[in-house]
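The chains carry the letters A, B, C and D, assigned in the order they are written, with residues numbered from 1 in each.
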Amino acid sequence: MIVTLRAGADADTVRRELAALGLWTRRFEHDDAVCFLVEAHSSSVDARALGAIAGIESVATARSSHPLVDAQPRAVRVGRVIIGVGAPPVFMVGPCSVESEEQIRAAARRLAPLGAQFLRGGAFKPRTSPYEFQGRGAVALRWLRRAADDVGMHVVTEAMSAEDAPVVAEHADLVQVGSRNMHSYALLRAVGQTGRPVLLKRGMAATVEEWLNAAEYCLLHGAKSVVLCERGIRSFDPSTRNVLDLGAVALLAHVHRLPIVVDPSHGTGRRELVPALARAAMASGAAGLMLETHDSPGDALSDGPQALLPAQVATLLAELRPRATEVAAHA
Amino acid sequence: MIVTLRAGADADTVRRELAALGLWTRRFEHDDAVCFLVEAHSSSVDARALGAIAGIESVATARSSHPLVDAQPRAVRVGRVIIGVGAPPVFMVGPCSVESEEQIRAAARRLAPLGAQFLRGGAFKPRTSPYEFQGRGAVALRWLRRAADDVGMHVVTEAMSAEDAPVVAEHADLVQVGSRNMHSYALLRAVGQTGRPVLLKRGMAATVEEWLNAAEYCLLHGAKSVVLCERGIRSFDPSTRNVLDLGAVALLAHVHRLPIVVDPSHGTGRRELVPALARAAMASGAAGLMLETHDSPGDALSDGPQALLPAQVATLLAELRPRATEVAAHA
Amino acid sequence: MIVTLRAGADADTVRRELAALGLWTRRFEHDDAVCFLVEAHSSSVDARALGAIAGIESVATARSSHPLVDAQPRAVRVGRVIIGVGAPPVFMVGPCSVESEEQIRAAARRLAPLGAQFLRGGAFKPRTSPYEFQGRGAVALRWLRRAADDVGMHVVTEAMSAEDAPVVAEHADLVQVGSRNMHSYALLRAVGQTGRPVLLKRGMAATVEEWLNAAEYCLLHGAKSVVLCERGIRSFDPSTRNVLDLGAVALLAHVHRLPIVVDPSHGTGRRELVPALARAAMASGAAGLMLETHDSPGDALSDGPQALLPAQVATLLAELRPRATEVAAHA
Amino acid sequence: MIVTLRAGADADTVRRELAALGLWTRRFEHDDAVCFLVEAHSSSVDARALGAIAGIESVATARSSHPLVDAQPRAVRVGRVIIGVGAPPVFMVGPCSVESEEQIRAAARRLAPLGAQFLRGGAFKPRTSPYEFQGRGAVALRWLRRAADDVGMHVVTEAMSAEDAPVVAEHADLVQVGSRNMHSYALLRAVGQTGRPVLLKRGMAATVEEWLNAAEYCLLHGAKSVVLCERGIRSFDPSTRNVLDLGAVALLAHVHRLPIVVDPSHGTGRRELVPALARAAMASGAAGLMLETHDSPGDALSDGPQALLPAQVATLLAELRPRATEVAAHA
């Protein structure tokens, strides 16, 4: 926002009124005229509310570049599950990769009784090196769907290419776009065109605004809804795999009022820290969690070191089901 | 750690055993010999535990560069307060700056009944511009001390220079070193030499290891103890003032087992997000919070836009006292 | 590299010998045994060269994950142009977007006499918002090709989707993958499968190793060659659009000995700084430059503020042609 | 700048005129009124120049927070040397630490004939760990001064504490403030109060604006002049020690027109890349270089792996003396 002052108004008085509302301002002057730029890290305030302040002549605002995202309800329905502000927490749990039909069926049978509503697992895997395991491909989508159906779970899995988007959409309740592809607009368009709900992970160095614009691509091209997923941003510190930005989660949950889930597995890369970060994510306002687990992490074909052990998932979900509801009451 | 394999051992079997323990490995070879570097974002495992794995010949470890920090107890006593893992949550609350004796007395009288154990407020203020308010100086230390004493609170306040360290130490129970000075080794030495407990904020782009080395400077030069304080790191996203790194908090609380508090006021810069991040910080393992508040944020001489309103502090502390205890039980 | 010492060797003596070679080391110990991890920011040294140092028992190395990239010659041929270490500088110049046939023909006629070997211009544009101009599409490829052919220039233009890769490859001598898609492995595969040479821009937060692995995807799937392009990484400083990482350029040019060009237009976003950064890029070891220009920057449909004016391009290319050759002699 | 349009003006026409001048704009609206925020990464344009554009009613500007820096001449005199835009390149060369009188005398005798005007070397060393070599202290200042005097060189060396500032100022022509202390305002004040010229290194995550504000602290408290020194910023890529931000160098040299030198030794950490980055720095507009060298890098007590060998310094300085002059002609 840009706040223009009336001629003769006391600029410092106005600045104090704006600060009282949580607004950081930068002052610009022209002859005797003063205006304030409200900086991006300010609290969210309705421009009309500022009109009442003596000394303010006008408040100019920037038009949102993501109106469809802004118009999305606070909670969205995916299959039989409501995801979003005010709804019970949603858990998307499973192995990093779908490795075999037996593996994913065993995972589903273990996870359904714990209250996990979504079974996750990659059929197509984006890997840093072309020589690493690239996923089982389309057949794994069928394994995943059958495993979930047998226990009444939903499916979330990633589409890595426009070409694969239709077959992924056919098998998944929620079509994931991964961090590495958040800026791949051709993929966003193709995923949107399937008409499915989309789970959109944040790019590793994407601003919140860029992320919301990526969501707008999905909605504009036909996605039924978009659920955002924070999975950590890139930083200079090697002691965790990424830095989980729970400030962005709070911003999306409490200010933008959008459905946002958090992936603390990629967010830290350290199995030992995943439970603490899962709790923190829920406390910050997340509508749910995406968690990696494996029956035998040492044998995982990808991301084994960060996969939760079966007992850890059981404990964590048992703890977070009541707690998260309670947290929601504070929102 | 560097794990060297026995001749003839199956490297992939060993790699899987290490992954099962949460270790990310990078493989190095020499002729037929194989060794694995355990990467920094791995779970913490005792080197001796690896000796039992078939195929491992030896496990070489790096010596810690901060032995005094490592030897510090999980919880430390500052005045009558215990800060650390397992202890009840500690709240350090007050205005950004000590502006007048009346202001700080009013703040103390408001905060003590809420259960805040420490009164915060700056007498010496590090400001980006030399033309901004630089703090009231030494007189403010006396105001702060008297205000706290009158209501039975403790004092935490910042020392900005070696020269001021003694007078700050005389008035404060906990001597703060700010983010901008975390790498100022002459100041760390001077603050250590006062023999007081130190609150050491993380530098805006400091790694966890650098931060612990800074704490080592304090202890080596005589500090009674060091409490760490995460206040957000610098990032590319303008929508929050900093990015609060709660993964680092979980790492310090649950793995290093050190006393760590979190400052969500600077961590987000957005008053509206402070409560959510305060809850998240406690859930991630923080031993307490440092919070900015002001009776009239618009009139604050610094950081008004991020200061919590009195009512917000009352609500938040009422909520977190029981909750934090409950969280501690999971630690 | 991991350097293991002989029993009884003096570790500090060995460390000094390694430092003399430019190696930063981290010490690991097991009982009396010592080994050194050579840190990533060390000078590049052949492992065999270390064998001669007294006290070293063995040097273990990590296998490269990008052997095809490593095997690529220092200079590659694209059409009639050689790009790489030792060759004359290559200039890829043109508007951000191909806006009309007239526009791109005028640009080509202006640029060819200046010695620019490649005409650049986007037919498919990756834009942050779906409501911004998305490029003219396939028809612009034909305009671009004809404009280049008429003046004897080559064509470099971006493929944004696997679907469009074949038609882009049909019209371009060099198929560009943009920053936002550097991690889009499905696109890298599709572009590789066209068999064309690829210009691979660095992702906005990609490490050099991730970038080389992305290049490996292209080569493994059939790309004739890969030319890398540094265009700036994301940072915390708003005063330039990105931070141009000329250290990475020097590393790729002088140590990896790969063909690397630099885009100072996106690297700074400030037209006034482009010439200085263009000179710096060539001095750091770049094999060429990618530059944005527009006959009328105010009318550009994208990136006008950073487009060089026609006179600036003329001056800059006139200056850099001889200078760059001279620099190459120092390489 | 904030550009306010006249009622009825065509906003897109004005936007194009601003883009033509190199300005990135963000549009804000209030009823029918439009204003543009000129974004930080825009070219530098005088506000008065915009007055001539039809449709613009007024241009509001922000007051600089560093007027003394802005008023500093483009080139400053330190001892007998001119440093800045248009002057011959300045070379500040020497070991990381002053280790002994013999060592620094030998270095001085080697460097003076090469044309290095300043002898560098630390007496007080800021080290990450308190157990690393901390410098010889005040005695090393005398060794450094005598070594420089004997060969007619000037001295630049670091002050790490307010307490040491006077003795450093007594022995140095140019008092260095290191990266780790750029935000240590008490030190900036103390160094300023010596009245000496200051060499101010950029903090590892400091924005250009924060850096200029730090310079303002020095000048406001009495520094004769401030020379800035870019030494690399922190990033996510481990392949170089830091990322040298030559965009910031070009900005300071060509737009702010301030004296700026570059330290490619810390900027890369890789001896093999220092010459290429030194050339690039000069090409980007640097007024000079700060380089680490050691007669026997393996024996250096700090930073040996990045120290240039004597022969490298000789070659580099021989090359850059004429080249830099030539570059200056383009400025």
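Operating definition for what follows: contacts are C-beta pairs under 8 Å (C-beta built on N, C-alpha and C of every residue); 3 or more make two chains touch, one makes a residue touch a chain.
Just so it is clear, the structure is predicted and the values come from calculations on it, not from any experiment.
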Pair joined by the larger number of C-beta contacts - A-B, B-C | A-B
By mean C-alpha coordinates, which chain is most distant from chain A?
-> D
Distance-wise, how many Å sit between the C-alpha centres of chain A and chain B, to the nearest whole number?
-> 27
Where the centres are mean C-alpha positions, what is the separation of chain A from chain C, in Å?
-> 31
Report the inter-chain centroid distance for chain B and chain C in whole angstrom, where each centroid is the mean of the CA atoms.
-> 40
Could you list which residues of chain B touch at least two other chains?
-> 205, 234-236, 238
Interfacial residue positions of chain A with respect to chain B in the complex = 16-24, 39-44, 205, 207-209, 232-233, 235-248, 250-251, 253-255, 267-273, 275-277, 279-285, 296-300, 304-306, 319, 327, 330
State the interface residues of chain C toward chain A in the complex, per the touch definition above.
-> 65-66, 126-131, 160-164, 179-181, 183-187, 190, 204-205, 210, 213, 216-217, 220-221, 234
For the complex, which residues does chain D have touching chain A?
-> 1-2, 4, 26-31, 33-35, 37, 58-63, 234-236, 238
